[in-house]
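Once you've had a glance at the structure underneath, I'll fire off some questions.
In order of appearance the chains are A, B, C, D, E and F, and numbering begins at 1 in each one.
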Amino acid sequence: MKLVKAVIKPFKLEEVKEALADIGIEGMTVTEVKGFGRQKGHTEIYRGSEYTVDFLPKVMVEIVVDDADADKTTEAIVKAAKTGKIGDGKVFVIPVESATRIRTDETGPEAL
Amino acid sequence: MKLVKAVIKPFKLEEVKEALADIGIEGMTVTEVKGFGRQKGHTEIYRGSEYTVDFLPKVMVEIVVDDADADKTTEAIVKAAKTGKIGDGKVFVIPVESATRIRTDETGPEAL
Amino acid sequence: MKLVKAVIKPFKLEEVKEALADIGIEGMTVTEVKGFGRQKGHTEIYRGSEYTVDFLPKVMVEIVVDDADADKTTEAIVKAAKTGKIGDGKVFVIPVESATRIRTDETGPEAL
Amino acid sequence: MKIKKYLLALLISGATLMGVGSLSAQEESAVDEAAVAAATELALAPAKAALAAGNDQAEAYLGLLEAQGDYAYAFDFFTVSMLWTVIAAALVFVMHLGFATLEAGLTQSKNTVNIMFKNVFIISIGIISYAVIGFNTHYPGDFNGWISFGSMIGDLNADGGNTFGYGGVGLAMTGYGDFIFQAMFAATAATIVSGAVAERVKLGSFMIFATLLVAIAYPVVGSWHWGGGWLGGLNGGNGFKDFAGSAVVHAFGGFAALACVIILGPRAGKYVDGKIRPILGHSMPLATIGVFLLFLGWFGFNGGSVLSADPSGVGLVFTTTALAASAGALASILISWVFLKKPDLSMALNGILAGLVGITANADIVSPMGSIIIGFIAGVIVVFSIIFFDKIKIDDPVGAISVHGVCGIWGILACAFFDVTDSGFTFIGQLIGVLAVGVAAFLFSIIVFGILKVTIGVRVSPEEEAEGLDIGEHGAEAYPDFANSSR
Amino acid sequence: MKIKKYLLALLISGATLMGVGSLSAQEESAVDEAAVAAATELALAPAKAALAAGNDQAEAYLGLLEAQGDYAYAFDFFTVSMLWTVIAAALVFVMHLGFATLEAGLTQSKNTVNIMFKNVFIISIGIISYAVIGFNTHYPGDFNGWISFGSMIGDLNADGGNTFGYGGVGLAMTGYGDFIFQAMFAATAATIVSGAVAERVKLGSFMIFATLLVAIAYPVVGSWHWGGGWLGGLNGGNGFKDFAGSAVVHAFGGFAALACVIILGPRAGKYVDGKIRPILGHSMPLATIGVFLLFLGWFGFNGGSVLSADPSGVGLVFTTTALAASAGALASILISWVFLKKPDLSMALNGILAGLVGITANADIVSPMGSIIIGFIAGVIVVFSIIFFDKIKIDDPVGAISVHGVCGIWGILACAFFDVTDSGFTFIGQLIGVLAVGVAAFLFSIIVFGILKVTIGVRVSPEEEAEGLDIGEHGAEAYPDFANSSR
Amino acid sequence: MKIKKYLLALLISGATLMGVGSLSAQEESAVDEAAVAAATELALAPAKAALAAGNDQAEAYLGLLEAQGDYAYAFDFFTVSMLWTVIAAALVFVMHLGFATLEAGLTQSKNTVNIMFKNVFIISIGIISYAVIGFNTHYPGDFNGWISFGSMIGDLNADGGNTFGYGGVGLAMTGYGDFIFQAMFAATAATIVSGAVAERVKLGSFMIFATLLVAIAYPVVGSWHWGGGWLGGLNGGNGFKDFAGSAVVHAFGGFAALACVIILGPRAGKYVDGKIRPILGHSMPLATIGVFLLFLGWFGFNGGSVLSADPSGVGLVFTTTALAASAGALASILISWVFLKKPDLSMALNGILAGLVGITANADIVSPMGSIIIGFIAGVIVVFSIIFFDKIKIDDPVGAISVHGVCGIWGILACAFFDVTDSGFTFIGQLIGVLAVGVAAFLFSIIVFGILKVTIGVRVSPEEEAEGLDIGEHGAEAYPDFANSSR
């Protein structure tokens, strides 16, 4: 199994969720995060002093999928989250050794 | 080492923490997250319009443990977090290559 | 590629960010978390009842780097985040199989 | 010709005034209608003269004066007193926002919508039910001293908006003024209970209970004291002293809360293996805003209870109220710092409220120094009381029982010790009064809430409690940002 | 010797008073100056005597009385009325904080800074523009009944701070009192629009629109009714009844909001594939605080509109206002529970506001029972209205169009049904009045906002809308903790 | 027979009135007691007649009138003025909630409990210490013009609640009214400092400093101006003009804050490598709520400083206060938009406060246009002042030094330029006065805070500062939801 860990723009969450539903993904976990990346340099002023807003609001979506689904999951996210503007985010794929559904003690792909 | 990454119901955190303490786990990191899964369909109304609350409040617990402890950690979490109702959550196990304690520069299992 | 996942004290974020910039790291994702660890036992009183504040505010910094950069990233974080006091946090390194930049569809190290 | 009538009137005035003098001289209590009319004529003279002189706009003012009837001489004082009454009502209204934010601040965010909803409901049903039945139950006029149910208010301006006279200078307001000021008080009792049962009470059951409490129990018990009931005969006819309601509002609410909490039991996870596990409030700013607003509103609660704009009364009451609140805060800060090792904000906030409840019974009869001592003692009491109730597993998230119940008793008893007007209020008399009120509130609540428990239930399911009442009862979150939004 | 002058004056008073009597007897309307002076002398007598007796401090008070001119006899009443006016102004000011927090609470956190900014701007420009042009446009004196632009206010105390007389007892305030009370009202119209266009309107365009709305449209339309314009001739000369502004403030704002929303379109993501996707407000505590503060401020809005401290008027208005608000809440709770299956806090909050808007037109002419019914119906209307506008894709984040526009109409019409003073307000007359105001507001807004749309644009870019206006327009976050801080 | 006495009294009244006339005629300043009594009799006549006529309830009202002594003729005016005083006190109280929320909003969430705690403490100790020593130090009566320590207040109603006379119409309040109004002011100075030293000051040291500041320094310096001290002799005997306290409250607090910040140093991480790194406030809604509440409270601060309900004074002051605040906001919006490129909410908020501080010294002597200009200039000044102090590394999280100190000076100087009453206030006189106050506050603070620094220390440890004072000083979090709760 793989953990697909995507950092996206917050307002893309709804579209990503739907794109994942379309390919049959039924579970995911979402976290509010702040992202630091190339999309920086937007300088703001607070009470007269300039500062750079380095950390921008992002949303991290984590989905554990069967090995076979990792690529299409990644693709679906990339497609749904793309605006073409800097700061769109990344998708990382990380190996997962086991998964357990707490409710049923099922493990492995059935647990997803 | 393994990263045990569990998504549980928020009110189970205290019990999970105690269950982990019982098996000698001394460290963990907790994040407030929103979960999307089978436990859905609870339709709400906001100002007259129906909508589905897809994302439910969950808590993510991340614990890095020695390889040997991964299973019993998983078990302890499963046991403590189970209510038997849909939405209890999942436990994932992910391989970890190294761990370092910032305070002491210790690495490996001693760092945990 | 590796995911360097560091849990640090919140007020060290700025220094860690700068330390990472110094070694050429351009992207990271940050989450507010609560940490449970050895740094505990500070007992507080709320409305007359004692309780232990188990979960302390921490910040989790996640950076995906090229395999080659994992060590120096870890080192940079450890150096910048160290206060020498209990609760400084940990750095974990986790294998990453792939990375994709949503904006450009680039994958692999170029995506970082 | 009208000129003659006018002159005649003046003549009659003069003549009757002398008669008045003689009446008074003979100390007869019978009212000489002609003399009264003449006296009134004296009060109307400047406006009448102005009108007669062609100053057309005097007509409206004269109309107001005349509507005032025999009390025209005091019309301006009446007007300012009435103004103070409605402003005080607005200030007491602010207390409801204070209660709502305090309660929300001291509880978990997963129950915040529920708490706000309860408070919106309480103030609404409180005002409506007070119109429908409460007011005339609270002030039944002649009655058996114990109970008499009233009907819906009618046109309280039927007398021309002039009810200055009915309580002498002590009640310088129209019927509507009296109504709206008291209506704002009425909901308070239910609000106090709301805080104590928060985070686990079933919404529907609470709404039924709150309605019965404010519509029936509160005005009935209140009538014993403020409505001319049996409590007035206490203290050897000297009356039972409860200036603005330490007993009939606060202790009443506190004891009702105690009964409900006993029936309801503590929140899940509060007492585990014999140990207390505090459940932290989710927003200290909200709690602090709440207490400042309560402090503000109390100027109306106590100040308005002077029942007129009498300068000496209003000034004294504002001063003793503020001093007691401040002393309460300092005491709680001191005690929590010394005994609990940390300066606890939530205790400081409760200290302010403790001082306010403590001074409520006696704000008009104590000296500045007396008010400081009363507030200080209340601030000490409240800390230990909160700890005590927690020890005996009475789980009261906001400390309502201690603040309103225990400090309410203290305020009532303090009348016997700190009165500088030598009115002879006795410890025993005060004790009987506050116990009567407390026991009544307790019994009513045990019975009604008990019946609700065995019928429709009073507590949400453990799952709902764990998940939070916001989702469970309302299907909504207090801070839903991010979920399902296009953010 | 001065003693002679004094005695002479007294003599003249006496003599003239008789003349006054005869004047009145002959029912001549001409004013006999000497008689007026004599009448005034009567009112000044006690203070003059005191001063003459060596009571030096009487001088200042006497000065105030004398500044009051011919109306000295009513000085104390004038003073308390004026005090009420400024306090009411302060209460109406509180409504602006209420609007700000309500609007912020019912929208997403990414737009909170923008909303707070708009509200700070609106109250500021509202007060300033009302001084510069609004006040004298609103109250133009003699004019054509439709429009007359005024100039900057001057020294409104030029008459010695005495304007008691100019509207009879119904306007017992100085020029400054009148100004500040009305200035606080003026910004309301723009605030109503602010809520409806929230989360997507371009800041600069909104600021221009809001400025024109409060500086020109509002006072011009207001002059039709309150400034003595053509609306006063409606209802067969009986006047069009709009006590405190259900039409000229609330419906005005509601219809302006409707026009702007039509031009602006819904928020991105609100209506997708023909389905409504609610965008949740980010903070129910903020929204609740907002509504309680609006409820509080409404006591000034309606109560101050009595335009004096007349005890019977103020008491009635406070009572009907509170009853209607409470009934509105209960109705919305009931309807949302029955029809939407959950007791919806945001609907309960809107219910309070609906009741308040509904009673605003008629608070001084209805009975308590009437006010309960008016509020209840408003609470029912508002729920269905909100659902209706959502169905037809009019996206109004805070429900401003329903609360202020629709319930504003209801309040105006209710004058014809619930009036207990038999003033003969007719359904048709009321309808014409409120439609005139609504159409005017709508047309003005369609034109001005339409011009802004085709010139500088009225809507932020989709990217900015997605990211939030806080970053886009202000470069700031409402809750920025953690980012870039040394926390 | 009493009838004779009554008639006799009337006769004497009449006769003495003539004597009064002659007294006045001879322009003797000696008071003829009999004449005074006769004049009073005139004022009491209607109520006495009513009582004599058997109108029993007149007794209470007559009692109030008689308690008023020689000033009975002005009792109603006195009553309404006193009512305004206590309501104004309540409004000034609201400012403390405003300060608390503004300070919390503009700082980090890790210090919020600490900030709320400080503000609860300040208002409490402020009121108590003002009773114990402050009031009688502030108003020492006859003294050397520089300093005289007072004792605890006693029964301020000892004169029957009648102190109308002691300052003429300009002080129409009882002793308690005077006390409570001034007590609410007293804590302000410490609150101003609180904002400037936030996020790093040691709690205990701050509490000691704040206590000494409000208990001693504030009333001593205040006595120079308001207590009849040496500042009254400035401007060629014309007095130093500081209407409601731009100098003796705001500049006082601002300069004390400056001294403390100099001693304390900036927050860690604020100035790094010569660059300013802003530390963002954690909640813009809280900050906005704070400023709206301060604006509201200022109507009491300035309006109450009229010291009576004089309609012309109160109306003018409300108007100038609102116009200056609004102009301040617009100026800050403009300046921040033009010079800082973005419309900055926090600057708009500071602009409101700047305008309010600017108008505080002169609200009763300027024209509407003058007040707009004063506020506008204050709004410009505050932006550049905040930037300036940041440049020179004076780290003031909320801008207290600029808002209260710098704009306080501006307000005082503006008296010399914008006075439309031709009272002859001079630039030099005003400058001397405000500098005297500022220097005194600065020196006192440097010394006392300096001593605290070298003894118990004034700053928390770097670790505690990094972790937040909430955990460090109070062991509590402001928003603790989720941790250790059973959520």
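Definition applied: a residue touches a chain if its C-beta (ideal position, glycine included) is under 8 Å from a C-beta of that chain, and two chains touch if they have at least 3 such contacts.
Remember, it's a predicted structure, so these values are computed and weren't measured experimentally.
Undergrad: Taking all residue numbers used at the subunit B/subunit C interface, answer same if over half belong to both copies and different if under half do.
TA: Under half shared, hence different.
Undergrad: Quick one: which of A-F, C-F or B-E reuses the B-D interface, over half of the residue-numbered contact pairs in common?
TA: C-F
Undergrad: Would you mind pulling out the distance in Å between where the CA atoms of subunit D average out and where those of subunit F do?
TA: Taking the average C-alpha coordinate of subunit D and of subunit F, the gap between them is 29 Å.
Undergrad: Once you find the CA centre of subunit A and the CA centre of subunit D, what distance in Å lies between them?
TA: Taking the average C-alpha coordinate of subunit A and of subunit D, the gap between them is 54 Å.
Undergrad: Whole-Å distance, subunit C centre to subunit D centre, using C-alpha means?
TA: 54
Undergrad: Hunt down the residues of subunit A that sit against at least two other chains at once, touch-wise.
TA: 11, 14, 31-32, 34, 44-46, 51, 54-55, 83, 85, 94-95
Undergrad: Would you give the residues of subunit E that are in contact with at least 2 other chains, written as numbers and ranges?
TA: 76, 80, 83, 87, 110, 269, 277, 280, 283, 289, 342, 344, 346, 466, 475-476, 482-487
Undergrad: So in the complex, the part of subunit B that touches subunit D is made up of which residues?
TA: It comes out as residues 9, 11, 14, 34, 42, 44-46, 51-55, 57, 83, 85.
Undergrad: Sort out for me which residues of subunit F touch subunit E in the complex.
TA: 16-18, 20-25, 27-32, 35-36, 38-40, 42-43, 70-74, 76-77, 80-81, 83-84, 87, 91, 108-110, 164-165, 168-170, 267-269, 277, 279-285, 288-289, 291-293, 295-296, 299, 303, 309-316, 318-319, 322-323, 325-327, 329-330, 333, 342-346, 348-349, 352, 367-369, 372, 420, 466, 468
Undergrad: Which residues of subunit E touch subunit B once you look at their complex with the stated criterion?
TA: Its residues touching subunit B are 276-278, 280, 336, 340-342, 344, 346-347, 350, 383, 386-387, 390, 399.
Undergrad: Under the definition above, what is the set of subunit B residues touching subunit C in their complex?
TA: By the definition above, subunit B touches subunit C via 1, 3, 17, 26-31, 64, 94-103, 105, 111-112.
Undergrad: Could you list, by residue number, the parts of subunit E that touch subunit A in their complex?
TA: 110, 269, 463, 466-467, 471, 475-476, 482-484
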